[in-house]
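Two complexes are shown next, each including chain A; its partner changes from chain B in the first to chain C in the second.
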Partner chain A sequence: MLSITLVTAFLGFMVALQFGVTKEDKPRDTRDIYQLQDDLTKAEKKHVQLNEQLSESNRLLEGYESDDTKSQLQTMKEALDKQKELAGETVKAGTGVLVTVQALAQGYSEAGEGLNADLIRRLINELNTLGATDIAIADERLTNRSPIRMVHEIVYVNDHPLPDLPFPIRVLTPHPSDLKKRLEVSESMEDFAREGLTMMVKVEDRLKLPANGESEKVEYMKPVKGD
Partner chain B sequence: MWLPVLGLFIGLVIGWFTNVSIPEAYAHYLSIAILAALDTLFGGMRAHLQKNYDNVVFVSGIFFNIILAAGLAFLGVKLGVDLYLVALFAFGVRLFNNIAIIRRLFIQMWRERAEKNVHKS
Partner chain C sequence: MRNHRFSLAIILMVTGFIVVFSYQYFKKAESPKSEEANELWTQEHQLRTQLIKEQETNQSLEKKLENRREQVQSNEQTLANQKKEAHDIQKSLNNYRMLNGLTKVHGPGIRVSLEDAQYVPEEDDPNNYIVHQQDIQEVIYELYAAGAEGVSLNGQRLSIHSYIECVGPVVKIDGQKHTVPFIVEAIGDPHLLLSSLNMSGGTVDLLMNRGIKVSTEKKSDITLKPLI
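Up next is the complex of A and B:
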């Protein structure tokens, strides 16, 4: 009886292990203390940001709920202006950097044949991670929905072709000199160099970004019917 | 009778809480080992019911079977043939056989007891 018990115990042990085989798939947390602190800081920042958004929304709600028609209208106007600003439909000015895209040297990609949509997209991603708030490529203001694509070897931004080299990219950011330094050692710089292009980065105290002229086509949104 | 069940439970608990993890590549070996253990266990039960149970045969059987099956699976991996299927097949067939025999023995025991009861009353 004892040997049978031992065998069944052994069997149970193996069955439990077998269950463990599929269970162990989730990745282990290998962050060290600095990464944890970093993540914590990020979470705290997010917390602050969300709180700000919440209080902003609450302020708006109060404005809407006030009995005074005039202040209701005022609040609506403010909200609309805010949305327009977010949608890039307003001219925006501030500190930033002026990036000039040009050929690396004479004879290199002077007609801009190295330029392609992926390159521009990667640059925009990089600018956004480096802290850019608003971007305009050769007078085309970028929004979240701005299309960037190739049509017959020419890059189109907002459905308009990019001009010949050199053209400017205007980037608004609260910390322009930081962005300049980081951009100069960025991957995009190397990507551009590989295509025979380069970027001249200049800090500007006052940079003006044009408004996005196209009004957005809203296809899949409907106003909510109030009760 | 309850001791083996208790043993199974203890084994499960130990396996669960020791948090030992087997890499997925070795899951095959483990499943074959489980099958071998099950096979031997039911073989032991059958032998016990048929009253020809031998402790040495039982204990040596389980380890020998596990090693053989795992060795076969390993050889299969090296040769690029799924040789573990051989062990799977053999153990599977024997498992079914043993369980069928155990079932028959139980039915026989139950009938004998029922007949006895009829005779008593």
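Up next is the complex of A and C:
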């Protein structure tokens, strides 16, 4: 009787152990590592940007330290030109892709009735994720505050209506062939097709974007000082 | 008694089986797995240390940059006080810096809050009742059209290169994650911004029709952080 008691006790113990072993074997959670890698990449990117901004500031300071007012003034003018370029208010040329928006095929959305503001906004959003540096839609150069919206069934960019199909979208990027490849299989491409439209994408060695004519007038914003 | 022996034999057999099975299981599962887990742990630890170091560096660089930018501006101020020509350049330079999101700015404007619908009819797809990237963009672009000078989303300044991604209920702006409520803040003429959003058949109506909870509010002072 004792041996049976012992054996069953042992058996129970083994089963419990077995259960413990099996339970432990759930799929490993590697999410933390991906998350960390993601955060690290972001932090490194920021590091690079901060360094760029720092060296820009240092360059300006050096210029201002000169004894000659004329060269100080020159430094200031250069700083202004740089800001204008950033704001999209200068003509800019470089490598990029030329995207032509056109009807998917004859008979499809030839008048461009499938075109809407949301389609264009999503395309810009996607172009930005793919590393576009500057964008012009038809002849409208985009800036930090370019409105894109529908007015009476027509898409307006920078308060100007888009022309009839086909029209070009010029995109500057340091890696045009990457952008082309990714744009061709992008969600935007599918969205366009759903509306009877398509985009022809062409890599260009030298693409010229027009300047945005908007003024830099600021009425409501003021810099926060001493903080 | 014979019956008893028989059952004992069976029990012993099962026990033997479990012992061997357990042993093999432990042997298989434990040794290589613990090594792997160890490796993962080390990797995670290294990544974490690296990240913390990187973030610390960035913080001190940010301080340094702020300091340098102040020096740059005070130099420009001195120059502007001396020369009329410099005065004009300085003014436009500072305007561009504000527009480009390189300075911390404040001013009057409005605040828009977007939230998922609270009531979802059972038979409907809940996806139709949550705030999407398009809804946020709808608000942002309408604000630009009404002359907003600077816009932020959940405290993050938006720029010409900003991109918004929708991953389920999470919205990523330039890679940074945000969840509801989505707060859009814009500097500009509060009256104009508000009335263009609230126009009948306008943005607010459109979003409400999609079942999104929208609230708008004029603000006398909004602060926007710089991009970098």
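To be clear about the criterion, the second predicted complex is superposed on the first by the 180 of 227 C-alpha atoms of A that agree within 3 Å, B and C clash if a C-alpha of one lies under 4 Å from a C-alpha of the other, contacts with A are read in each partner's own complex, and residues count from 1 in each chain.
Basically, a residue touches a chain if its C-beta (ideal position, glycine included) is under 8 Å from a C-beta of that chain, and two chains touch if they have at least 3 such contacts.
Quantities reported herein were computed from a predicted structural model and do not represent experimental measurements.
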Touching partner for A:Ala79 - first (chain B), second (chain C), both, neither: second
Chain B versus chain C as contact partner of A:Ser66, first or second or both or neither: neither
First (chain B), second (chain C), both or neither touched by A:Arg121: second
Which superposed partner A:Val224 touches (first chain B, second chain C, both, neither): second
Touched partner set for A:Ser177, first chain B, second chain C, both or neither: neither
Which superposed partner A:Thr8 touches (first chain B, second chain C, both, neither): both
Which partner reaches more residues of chain A (counting touched residues only), chain B or chain C: C
Chain B versus chain C as contact partner of A:Ala16, first or second or both or neither: first
Doubly contacted residues of chain A, that is, touched by chain B and again by chain C: 3-4, 7-8, 10-11, 14-15, 17-18, 21, 24-25
Residues on chain C engaged by chain A in the complex (per definition of touch): 8, 11-12, 14-15, 18-19, 21-22, 25-26, 29, 37, 40, 43-44, 47-48, 50-51, 54-55, 57-58, 61-62, 64-65, 68-69, 71-72, 75-76, 79, 82-83, 85-86, 89-90, 92-109, 133-134, 137, 141-142, 144-145, 148-151, 158-165, 175-176, 187-189, 223-224, 228
Residue numbers on chain A that touch chain B, as the complex places them: 1-25
Chain B residues within the chain A interface of the complex: 3-16, 19-24, 27, 30-31, 33-34, 37-38, 40-41, 44, 55, 58-59, 62
Residues of chain A touching chain C in the complex: 3-4, 7-8, 10-11, 14-15, 17-18, 21, 24-25, 28, 30, 32-33, 36-40, 42-44, 46-47, 49-51, 53-54, 57-58, 60-61, 64, 69, 72-73, 76-77, 79-80, 83-84, 86-88, 117-118, 121-122, 125-126, 128-129, 132-133, 142-149, 159, 216-224, 227
